[in-house]
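Following: one structure in structure tokens, then a few remarks.
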Amino acid sequence: MNETSTASWPHKDLLDVSQLSVAETLHLFDTASYFQEINTRPVKKVPTLKGKSVVLFFAEPSTRTKTSFDMAGKRLSADTFSLGGSSSSLVKGESLKDTALTLQAMNPDAIVIRHSSSGAAQFLAERLDCSIVNAGDGWHAHPTQALLDAFTLREQWGEFRGKTLTILGDIAHSRVARSNVNLLTKLGVNVRLCAPRTLLPVGVQTWPVEVFSDLHESVAGADAVMCLRLQLERQAAGLLPDLREYSRRFCLTPDAMTRAKKNAKVLHPGPMNRGVEISSVLADADGSLILNQVASGVAVRMAILYLHLMRPERSGDKQ
Amino acid sequence: MNETSTASWPHKDLLDVSQLSVAETLHLFDTASYFQEINTRPVKKVPTLKGKSVVLFFAEPSTRTKTSFDMAGKRLSADTFSLGGSSSSLVKGESLKDTALTLQAMNPDAIVIRHSSSGAAQFLAERLDCSIVNAGDGWHAHPTQALLDAFTLREQWGEFRGKTLTILGDIAHSRVARSNVNLLTKLGVNVRLCAPRTLLPVGVQTWPVEVFSDLHESVAGADAVMCLRLQLERQAAGLLPDLREYSRRFCLTPDAMTRAKKNAKVLHPGPMNRGVEISSVLADADGSLILNQVASGVAVRMAILYLHLMRPERSGDKQ
Amino acid sequence: MNETSTASWPHKDLLDVSQLSVAETLHLFDTASYFQEINTRPVKKVPTLKGKSVVLFFAEPSTRTKTSFDMAGKRLSADTFSLGGSSSSLVKGESLKDTALTLQAMNPDAIVIRHSSSGAAQFLAERLDCSIVNAGDGWHAHPTQALLDAFTLREQWGEFRGKTLTILGDIAHSRVARSNVNLLTKLGVNVRLCAPRTLLPVGVQTWPVEVFSDLHESVAGADAVMCLRLQLERQAAGLLPDLREYSRRFCLTPDAMTRAKKNAKVLHPGPMNRGVEISSVLADADGSLILNQVASGVAVRMAILYLHLMRPERSGDKQ
């Protein structure tokens, strides 16, 4: 398995895409391509991580991401352990630190963590000697989503340089947007953001992106458009005056897409509010990569688990 | 494994028993008998479905049926993935169609679905290329329950033709009753129904059954009686004037069973309301097949997963 | 695997530590030591229990203990099945007896049960032919916790005889305390209890322990102190006049520990209320065995599953 060598993987943890060099990112994608192929075989399983324990610690619910990691782990023959959720006594009765130390004491090889606090994954990574994989922390980062998005685009585009991608929607509260901007600009993509002013993050002027407030302008000439899920509870918080007004201006429609390049692609991290941030027709059209993203998710997470758990330096981590 | 050949299994999905010919049903039972024996070995596991992914998607809670499928999958060495329940973001944030397409994109080999909407399983089967197994949809069908019931009866009776079975209780709202009537009449069993008028389904006169409103008459000469679980919330809906009155008239008692054949059997799909639809004494008596039904459930579901996931045409389903 | 012979293991079930002789306990510890070592290997898995089914039936939530058993089972290659919790229809709709018989009919090899009723595990053990492991029943017993506590102490002490351990906190409502007193006194440890009068159990004068109401006196000369978790809901019940007053008198502090032996150890079954029953400094200090307890938990539970499921007499249990 030459192309999936772990000899050079220097990271104990995956906290954010900012830690990855371009070369490391592309190496991870090559590894994911290998697993992508395995996922379509009749026997979708390799013995690589047999005897490894992967804890799926989801303090925020996310069936979609958790199932994707669960499949990734099991298809590599790891044992997976799900915990978290509101019913978890680990979550209720303890500080995050005590929960983390308790999990660590059970000798897992990796903890995949989804948490509502920005920095939760890093907090664990500094204290534990097992690998920590950030599956989304607060508004901060969602590196595995960004990696699967970029991997999905590479499958279509071949390469990144010179391509233009528009990210559309609630940028301010989106860890998906943050990680995608970070990763895609590094890979050479021209990234545009489009959102109402109230849903743009503070300090966006310093980001290496173009900012638009008009949907049609933001999409003009784009190679792909990524819609973000609108958290409908934002409206209660007074950030959206009116949902119908929001959709009229920012819902991605076939009409808007006529401004994009021919064969431009549409992405969405799911779950979708059809008719709110993306028109139903586009979600199901030929240019939609939404289901490709889901399929890529399993392969990219297999690559992440593989690279982090099989690196030779690993044996030295434990005392 | 001659008797468990999949060469002739023509079905991608198991949606209802009506799709199965008598020969297919008997072939499924023979396969289940083989697995029934494996379930009593010290090592209750065969490698048959290693590398297959089975998603257990239970939008309605059902620990009993889900655990049975989970055991069936794991004893065949498949990987199983549980999702659903009120805490599932997949269920909350998406239409059934989007949830289904998302699951499909992760490349499972089968999705076992329990859903409150009649037709949910068929809806998935028409859209997905993996196998769909209906684990109960609304009031419509519960084919795996009917198959395990019939399998359990065959273990006792040897053959079906000429036997008489009474189904007792809330027929109107019971997918168990619908699927059992469908399957057992096709296998040659004389089926009787007994229920208060308000709990008989519309159009029952067209069913190939005898209908009774008197418990003792309905049981007279029967080879077996199947009690249904009374959903106690029906009372709130005004369909039951009084629970005590209901039990006085329709609870299966030892006294009523004296009218049945000697050695007549008693079935119940569980969980039981002892003293409401079945007397506690009968549930624990020698003639009770209630625990046999549970044991058969694992074996029959192993057979179902085996036949659907190992059929040779399967490779052609995927594009 | 000479040291982990099951030839002499005479017990179908683990209900309480009182059933174990000293020799059996030490044999279990030797077995656990063997698995403790396996848990630190790169491949943390042995095929010993392949094809065995272990049901984790937790009618009371306990992520910590359930995950520990789940890891123990999977590292022995058993299949594990989680059920219970408030959403479980098994729990809602049925008596414990019917739930148990239903589980049994699925042919598991062991049922690990956590239940709010004292005696629930024994109730199952008398009715089922699979192994029952008590993972905590009401205020009655928590044998696996006591075994992992004693195992953790043996790793430090080498032997038990002549050592002194103080158990501190809500003894009255603690199954952990009951099982620890039972086991440690049998192993030769001098056990002291320290609690406010309202949190001492009725009849404590007949226990083979010394009882204290002053923290500093109870700790004087001790080799180890075990803090119990204070169930904060006890306050609502009127058993604690004031939490601050409780902590002032009964929270284990570095100051109190100066009265104990040099290098005295601190234990806590978790999850901790830092600053209530144990000072945060002590929890993280060198003498803290709290994380050792968690690590021991997996190994001890592997030993328990191994010894109960591999004993040669087992084949004779089933009819």
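Going by the order they are written in, the chains are A, B and C; count residues from 1 in each one.
The rule we apply is simple: a residue touches a chain if its C-beta (ideal position, glycine included) is under 8 Å from a C-beta of that chain, and two chains touch if they have at least 3 such contacts.
Protein names from UniProt, one per chain: A, B, C = Aspartate carbamoyltransferase.
None of these values were measured; they are calculated from a predicted model.
S.K.: Line, ring, star, complete or other: which describes how these chains touch one another?
M.R.: If you draw each chain as a dot and join those that touch, every dot ends up joined to every other.
S.K.: Regarding the chain B and chain C pair, does the interface count as same (over half of residue numbers shared) or different (under half shared)?
M.R.: Counting which numbers both chains contribute, under half are shared, so the two copies meet through different residues.
S.K.: Fit chain A onto chain B over the CA trace and report the rotation angle, somewhere between 0 and 180 degrees, nearest 5.
M.R.: Superposing chain A on chain B takes a rotation of 120 degrees, nearest 5.
S.K.: So what's the Cα centroid distance for chain B and chain C, whole Å?
M.R.: 40
S.K.: Going by the touch rule set out above, which residues of chain A reach two or more other chains?
M.R.: none
S.K.: Across the complex, what residues on chain C touch chain A?
M.R.: Listed in rising order, the residues of chain C that touch chain A are 39-45, 61-64, 67-68, 70-71, 74-75, 85-86, 229, 270-274, 291-292, 294-295, 297-298.
S.K.: So in the complex, the part of chain B that touches chain A is made up of which residues?
M.R.: 50-53, 55, 79, 81, 83, 87-91, 93-95, 98-99, 101-107, 314-315, 318
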